[in-house]
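For reference, chains read A, B, C and D in written order, and residue numbers begin at 1 within each chain.
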Amino acid sequence: MTNALSSPDAAILLISCPDQTGLVAAVTDFIFRNGGNILYLDQHVDQEEGVFFMRVEWALEGFAIPRAALAAAFGAIAAPRQMHFELHFSSDVPKMAVFVSKQGHCLYDILARWQSGEWRVEIPVIVSNHPDMEPVARAFGIPFRHLPISRETRRAVEDEQLALLAGIQPDFIVLARYMQIVSPEFIAHYPNRIINIHHSFLPAFIGAKPYHAAYGRGVKIIGATSHYVTAELDAGPIIEQDIARVNHKDTVEELIRKGKDVEKLVLARAVTCHLRREVLVHGNKTIIFN
Amino acid sequence: MTNALSSPDAAILLISCPDQTGLVAAVTDFIFRNGGNILYLDQHVDQEEGVFFMRVEWALEGFAIPRAALAAAFGAIAAPRQMHFELHFSSDVPKMAVFVSKQGHCLYDILARWQSGEWRVEIPVIVSNHPDMEPVARAFGIPFRHLPISRETRRAVEDEQLALLAGIQPDFIVLARYMQIVSPEFIAHYPNRIINIHHSFLPAFIGAKPYHAAYGRGVKIIGATSHYVTAELDAGPIIEQDIARVNHKDTVEELIRKGKDVEKLVLARAVTCHLRREVLVHGNKTIIFN
Amino acid sequence: MTNALSSPDAAILLISCPDQTGLVAAVTDFIFRNGGNILYLDQHVDQEEGVFFMRVEWALEGFAIPRAALAAAFGAIAAPRQMHFELHFSSDVPKMAVFVSKQGHCLYDILARWQSGEWRVEIPVIVSNHPDMEPVARAFGIPFRHLPISRETRRAVEDEQLALLAGIQPDFIVLARYMQIVSPEFIAHYPNRIINIHHSFLPAFIGAKPYHAAYGRGVKIIGATSHYVTAELDAGPIIEQDIARVNHKDTVEELIRKGKDVEKLVLARAVTCHLRREVLVHGNKTIIFN
Amino acid sequence: MTNALSSPDAAILLISCPDQTGLVAAVTDFIFRNGGNILYLDQHVDQEEGVFFMRVEWALEGFAIPRAALAAAFGAIAAPRQMHFELHFSSDVPKMAVFVSKQGHCLYDILARWQSGEWRVEIPVIVSNHPDMEPVARAFGIPFRHLPISRETRRAVEDEQLALLAGIQPDFIVLARYMQIVSPEFIAHYPNRIINIHHSFLPAFIGAKPYHAAYGRGVKIIGATSHYVTAELDAGPIIEQDIARVNHKDTVEELIRKGKDVEKLVLARAVTCHLRREVLVHGNKTIIFN
């Protein structure tokens, strides 16, 4: 479990490639030869697909290769092994744009974590298709952009949203109960960089009104799922899920109320993993190194 | 939570009817006037449908109405209020037939609970379409009937099963990972009296090979569901559900292994509720009084 | 599960008394004869101690006895049966004073639930021995009183707190990670009306620094406990508990971080039960009717 | 998550040593140079204590060093780095002695896992201070030794037990609800090789009758803890813990009943980790590599 706050000057590599012998040795030898001390190393081989995954974090203090040259230097290790890799620095503070609609429970939770310093993140903007959350944004001192949306204006509004984001350059976007379907065109600008919270235990109850569907089915447990958004509705790589017990006494309203606590926790855990660079997406699945 | 073992001489009424004022008063007054002491009372009104549900259990010691006359006596309370009711006596020991296929984890768990006296139940027979569990049945001293089944013989074998059961008169049947679809004709003989364990968190992953499907979807949580069997596959009233966390390292085999522990616990809890007469089925849902 | 929001005009009775036959009949007959329709009824008999507990909620629409006369009218039922009872009206909005120190996670969570209308409650004041949370209180528009405390001034500051509360007349007090021991004299003013959140799974790790103790012991699960405050430290009646899994990778700081999410949820659930009048305290235990 | 069944011919190294740069590189280079393919690698640095922990598993097919020479060969890597290491082979089948008293729920669960092939383990003997479980042992075909114990005979009986075990040479011992305190002298023969299940959420409710204590305290959650046995009662390194929710309706007997399901699961998970060689004990804590 990496903690960006406690190790401000570390490098993080997320690696995937075809499995072969000597991969761990090659990477750790590279770090060792250049004077790095490994803080965390996790690797995993998907035996069925023959794919190797690795996350390694090491202290940069005394490391021989300067930050700006590191990606190129590691490229010499990566290229002959067909490694895909992401390089991050724990001292970088990512920018997270937040989209909401009318409900505030996830937004409040996000803003509290941000304001209290639990997360190393900037929140440059809150975007909403409704004005309801504007006072909340203002109370926390975050710019709020109200961009109403309708079936007819969807395309134009998404263009406005993209233009707004282009000026901000967020590292990723969180849909904190944003009750709009995002177009594949929009998603293509932020592949595996849009985190959604769906208010059901996916793949059960895909789509609208999952609590009503759960009530109708008479389930004894409800859930929430945080996932990266892909073109197919509620079908992207799952980052985190959790559940809450319900019973026959619970009305739909009570399911919704209980569900909110699960939603905000599951979304917060997913964002935490993302911020700590613990998530590697492979196909339609995530590898979570924690 | 009623405990049949600790209150051997109690009567249990499960009641449902259109909601109206005075229902609880009418029932409790009936018990009180006849000298019964209420041990447990739970009631619930489905406000949306306007249906009243109640479970009441009272000590029979000193109760004025003899056991054999009780149903008729209560009928005088029930009829004018359109009550459906079930009457049970905690000292009765129900008969439970168990159906299995090749996997033994649920069967072992059931037999251990039975043999150690955790459950007040008789197990007059274990039925299987495979011979694998015969030694287990024998070790526990339970008659085992091997009735192989194929697509062509299904109808005839079900008739054999029904004939066997007709001689035994079980109160209910437990499908302890019985990997066969039971026909609507068979089910009609035991409405809301066949308990199944499905190895997924319904309604996710209905049908065959749910762990493979869960693996393919990349879920972070797997589950199991125990429900009464109805004509529609995996769609009957849910009695109990539970889950286990999984991660990217878990192969399909590992999901299956972790799932077994959830399955056997969920099934055992459902059977416990059923044995304690805590379950009232209404439409396609259960009211669980515990 | 009662929902004050959805049944604004209901009466709630919480009753405890020596067990005897006819108690449920007497209460429900009283409600029935006066034209009340029972929405929820739960009763429980502690067989070991021979004590009867009951919670009943009924619609006041069309009820024959006016609100102001109800306690006296029910007294005629209660007195001969030695019933202790509390009478509440779901349309009353209780006042909740909040005490905090430096940490804000529980406070943010409480304020979000209040501001979004999840809870029917007034928060007339936030009291703290530190100034840190003043901006948060201000952002939510709640009066904040900073009353610094030291070993020497404790008694005098508690008198100040009591004087402040005397002017506000709160129905109950929530210690939302208020890191001070409250004196028995203070507690005596609000018996079973001060709700605390302790950051461990009581009775494990009583007192200060439970996460450090949990880390030292190498536990695999941490917890939080919400309870009514009594004179003995961390020993009052438990309202709610929950847990989170941890592992060997988690530092003390990580335990603290994971624990915060458990704390705020457990406290919120306890406050919800209290607000819904679902809690009956008996000796050093709670009966939670939900 | 290693699965001994699916990788029959693998070597497993568990390593701990003072932290220093190049440790992962040294170990992985050793494996790589000798033609081994790493299946799983997990490492962890306790930053506070400066201790490095690692578990690595690699396929032995094509590995240059024969099994018998492996420990010595790796010693050349380990010695200069002050590594403590354990070497295991996944194809070895460990021997597990089981101790029980009167209660059978953990024993049944263990025997079912063994008989159904879930665990790669031999159970050469079941030892008990009571005769109650003899029929169960016989049904599963396991030798049963009844060695009654009393305060006066404890020392002599422990000597008998040790003599019996000396003939069997078990790799480890499982106390499956063995309700006797084991002497430090006995424990010294099997350091970190005796696995106990304690029926509480340690460190809460150490010692006898934890469910009675939990009932008295009015907790809302009960638990179970599996740990290695050390000389201090219930204070050894914790391997696994889990919990179950309870409520005010639950009598002590009901707590005991619910607790049994937690106990048997927690013990089974601890034994699974031990069998898979996923546990490294350091001081009074465990590192669980899964």
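Some points to look at:
The working rule: a contact is a pair of C-beta atoms (placed from the backbone, for glycine too) under 8 Å apart; a residue touches a chain by one contact, two chains touch by 3 or more.
Note that the coordinates shown come from a computational prediction; the quantities given were computed from them, not determined experimentally.
Of all chains, the one whose mean C-alpha position sits at the greatest distance from that of subunit B is A.
Interface comparison, B-D versus A-B: the higher number of contacting C-beta pairs is recorded for A-B.
Put simply, the C-alpha centre of subunit B and that of subunit D have 35 angstrom between them. Our note on geometry: subunit A versus subunit B, Cα centroid distance of 41 Å, whole angstroms. For subunit D, the set of residues touching two or more other chains reads 44, 47, 249, 251.
Considering their complex, residues 1, 3, 6, 104-105, 108-109, 112, 115-116, 118, 136, 139-140, 247, 249-251, 253-254, 257, 260-261, 265, 268, 290 of subunit A touch subunit C. For subunit A in complex with subunit D, the touching residues are 19, 21-25, 28-29, 31-32, 35-45, 47. For subunit A in complex with subunit B, the residues that touch the partner chain are 44, 47-48, 53, 201-205, 217-221, 223, 237-243, 247-249, 251, 284-288.
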